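Please find the structures below.
Two complexes are shown next, each including chain A; its partner changes from chain B in the first to chain C in the second.
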Partner chain A sequence: MTIHLLLGLVLILFVFAAVRALAPSRALLAGTVLGIGALALLAVNYQALLSPEFWAGLIGFVAILSALMVVIHPNPMVSILFLIVNLFCIALFYLILRAEFLAVLQIIIYAGAIMVLFVFVVMLLNLKAEEGLRLGGGPQRWGALLLAVVFVLLMFHALHDRSDQPYVEPGAFESGFGSARALGGLLFSRYLVAFEAASLLLIAGMVGAVVVAKRKVG
Partner chain B sequence: MRVEFFLLIGALLFTIGCAGVLIRRNAIVILMCIELMLNAVNLTFVAFALENQSMTGHIFVFFVMTVAAAEAAIGLAIVIALFRRRRTTDVEDASLMRW
Partner chain C sequence: MDPDIARVLVESAVKIALFFFILLTVVAYMTLVERRVSAWIQDRQGPNRVGPLGLLQPLADGIKFLFKEEVTPPHVYRPVYLLAPMLIFVPALVTFSVIPIGPALELFGQRVRLQIADVDNGVLVILAFASMGVYGIALAGWSSSNKYSLMGALRSSAQLISYELAMGLSIVGVLMAAGSLRLNDIVQHQIEHGWNLIWQLPGFLIFLTAAFAETNRLPFDLPEAETELVAGYHTEYSGMRFSMFYMAEYANMVTASALAVTLYCGGYHVPGLHLLRLPEPAAALVQVLAFGLKVGFFLFLYVWVRWTLPRFRYDQLMNLGWKVLLPVAVLHILWVSFLVLMNWT
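And then the complex of A and B:
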């Protein structure tokens, strides 16, 4: 039920993309018709809107699509914006997986700090869209294809083999799982040395970034 | 909802990021694809933390985020230094150590 609804929405999106690519003048009409179709689909299957599977599937689809756009889009600025969408999707996944503190950290650190750094550098360097991808040829291609097939089979095997693992109900946890208090308690007791080493790493990174990026004096 | 769903999403995101590192030529986009791969691994860590009811995975994600922040800062500094010298961010042009 849920999966059919998701597949229907994805199909509608692909039809719209195809119409936009092949006949741009009809895009508005097609968008209206397909949008009404999507709303009708949702209205018929309105029970699915209450299931977490539907939302997880939708977020997963958006995450995969935005990741693909990061890789495919020639303009680095658009890539950054799609990467921010992807990071928000992963923060939502963290919320579903009961890691609420990590979800907040993900938005603050990744979307808030690291991505701003990327945006600043791209605007500072005034980067234009690059000409093309490096889809290298030669004998490497066949080796890469072989390795990709092996990887897909390996992942399928690994995921298929553990399918008899029981799913843990979210209610079965102690109440503090994933909270800032629990994470901080662990950080300042069992992982104190690693925590201090991380501060050292951040200092080294900060000094290194300044030294590498600064203009040569004299 | 099963944990395998999140593992599958993590594997897909990691593959997409890896492909991006291999086929893109802009150094900044390559750094972004590395962030994509780190995020996929983080998602896997959190999914396994839920399955095993152990918060060690969350600690790991915390440290991966720290390393990612340091890596992004250093990487972007290197890109800026490269741009100052060569007027480009194309990794094909920084081929001094290529054989």
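And then the complex of A and C:
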């Protein structure tokens, strides 16, 4: 039941993307019609609203939609905003998978710190909206469409096989899973070498950035 | 529907409505307090005409803002321009949801926490949503297509990023002492071992300074320095949208004060209250009032400092953040590690 609903929503998304690519001026009309279609689909499957699978699917839907908008929106600042929405969706995925600590870190580090630097760069460079941004002509357009169809079929195949398994196995996680304590314990015992190596890598990157910047100034 | 789920839903809805109402009322009356206290400091009268002691002034202001014409300048980037005031106001409200304003108590036959969400990573949730506030400011400045707005937004982003670091590091000390990221555990730790204010004074001072910078208040209000930047990032806003920025500033102040109380001043803890042997509801009421009083003190401190200190210069601001607060915060973590190792906290 749920899996059919999800496939329906994904299909709606791809129809929308195709309409947007092939006939940009009809996108608003297509969006309205498909939105009503999605609502009707939900109304028929209202029991699904209580299952975690449905919410995972809905968040995935928003994640895909926002990722798509990052690529196709002509204005770089709006692209950044959609990227932030996308990163929030990933944090919600972590929440569904019971990794609370990771979810909050995802928001602090990616949606908070890194994206602020993106905003900074766009503000400083004063990037203008790319007026003529659209998909390349002829062959590229049909190639993209072909790849999209292949991707939908692949997704259908992948999801179809897994339709009997629940998204989150109840009792699959030991108590305390995903807490700061459990994660810290793992980082400082089992994954200590990788953890320290990553910190060295970060320091090297930081020193490198300072050296490059200094050379430019003096 | 499952009766358990229904109960939780109703309880949450009531709490959210209550917290929302309290926060907005405090925000409205903070504007009046700010004007009255500034008048008192400068030996003036302040607004005292609308209602007794001017107590209805916030209401009059609200009505005025609602009926003002909202001018949208033709050169702005409209979608982002409309989004920015919401982006700055929502995080200010969300952060308040994890702060416990009182102890858990028996109400209508069940345990009720005086807190909307008792989250395991409460401190991190606050930091996460506090860092979202910068988007509202940056996008407001950028979408206004005005050089003064842009300058204000740039200054503000740089300032918020710089002081977030010092703030985070100063909080690390509190987390190490309590051994938990949950705000209730931190309050409980302070009830048992004394307020963090005593052992972690350097951390508290760093936190307070960073909180002033994070809320864009004097002496760190460079993003809206009116002598140089007109009004900074909200130059192009008018009517209710302008007042959203204003309300967000005060909501941020309330949350920052509540956080300072929770992390360093024992939260809702009243020393020696258990000696009085009050019945549970009365004790809870006293503790909630004590929490309000402590928050009130910090709010007064905000106003007091604003009308006492002059504004920092931009290089002074950056020097203070990176060359003073950050190293001191790291030293403070060393000091707390020492305390924890010696079992003194």
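Some points to look at:
Operating definition for what follows: the second predicted complex is superposed on the first by the 123 of 218 C-alpha atoms of A that agree within 3 Å, B and C clash if a C-alpha of one lies under 4 Å from a C-alpha of the other, contacts with A are read in each partner's own complex, and residues count from 1 in each chain.
The rule is short, and it goes like this: a residue touches a chain if its C-beta (ideal position, glycine included) is under 8 Å from a C-beta of that chain, and two chains touch if they have at least 3 such contacts.
Here the structure is a predicted model, which is why all the values come from computation and not from measurement.
In the overlay built on the shared chain, the residue A:Leu105 is in contact with chain B and with chain C.
By the document's definition of touching, neither partner reaches A:Ile36: not chain B, not chain C.
Once chain A of one complex is fitted onto chain A of the other, the partner contacts of A:Leu97 are limited to chain B, with no touch recorded for chain C. Once the two complexes are overlaid on the shared chain, A:Val116 sits against chain C while remaining clear of chain B. In the superposed model, A:Leu124 makes contact with both chain B and chain C. Contacts of A:Leu192 after superposition on the shared chain: neither chain B nor chain C is touched. Note on chain A: of its two partners chain C and chain B, the one contacting more of its residues is B.
With both structures placed on the common chain, the touch criterion links A:Val149 to neither chain B nor chain C. Shared-chain residue A:Val78: touches chain C; no touch with chain B.
Look at A:Ala209: by the touch rule set out above, it reaches chain B but stays clear of chain C.
On chain A, the surface patch touched by chain B in one complex and by chain C in the other comprises residues 101, 105, 113, 122, 124.
For chain B in complex with chain A, the touching residues are 1-9, 11-13, 15-17, 19-20, 22-26, 28-29, 31-33, 35-36, 39, 42-43, 46-47, 49-51, 53, 55-56, 58-59, 61-63, 65-74, 76-81, 83-84, 89-90, 92. By the touch rule above, chain A contacts chain B in their complex via residues 52-53, 56, 60, 63-64, 67-68, 70-71, 76, 79-80, 83, 86-87, 90, 93-94, 96-99, 101-102, 105-106, 109-110, 113-114, 117-118, 121-122, 124-125, 127, 130, 133-135, 144, 151, 155, 159, 162-163, 165, 167-168, 172-173, 177-178, 182-183, 186-187, 191, 194, 198, 201-202, 204-206, 208-210, 212-213, 215. Listing the residues of chain A that touch chain C in their complex gives 75, 77-78, 81, 84, 100-101, 104-105, 107-108, 111-113, 115-116, 119-120, 122-124, 179-180. Of all residues in chain C, those touching chain A in their complex are 77, 79-80, 83, 119-121, 124-125, 127-129, 131-132, 134-135, 138-139, 141-143, 150, 153-154, 157, 161, 181.
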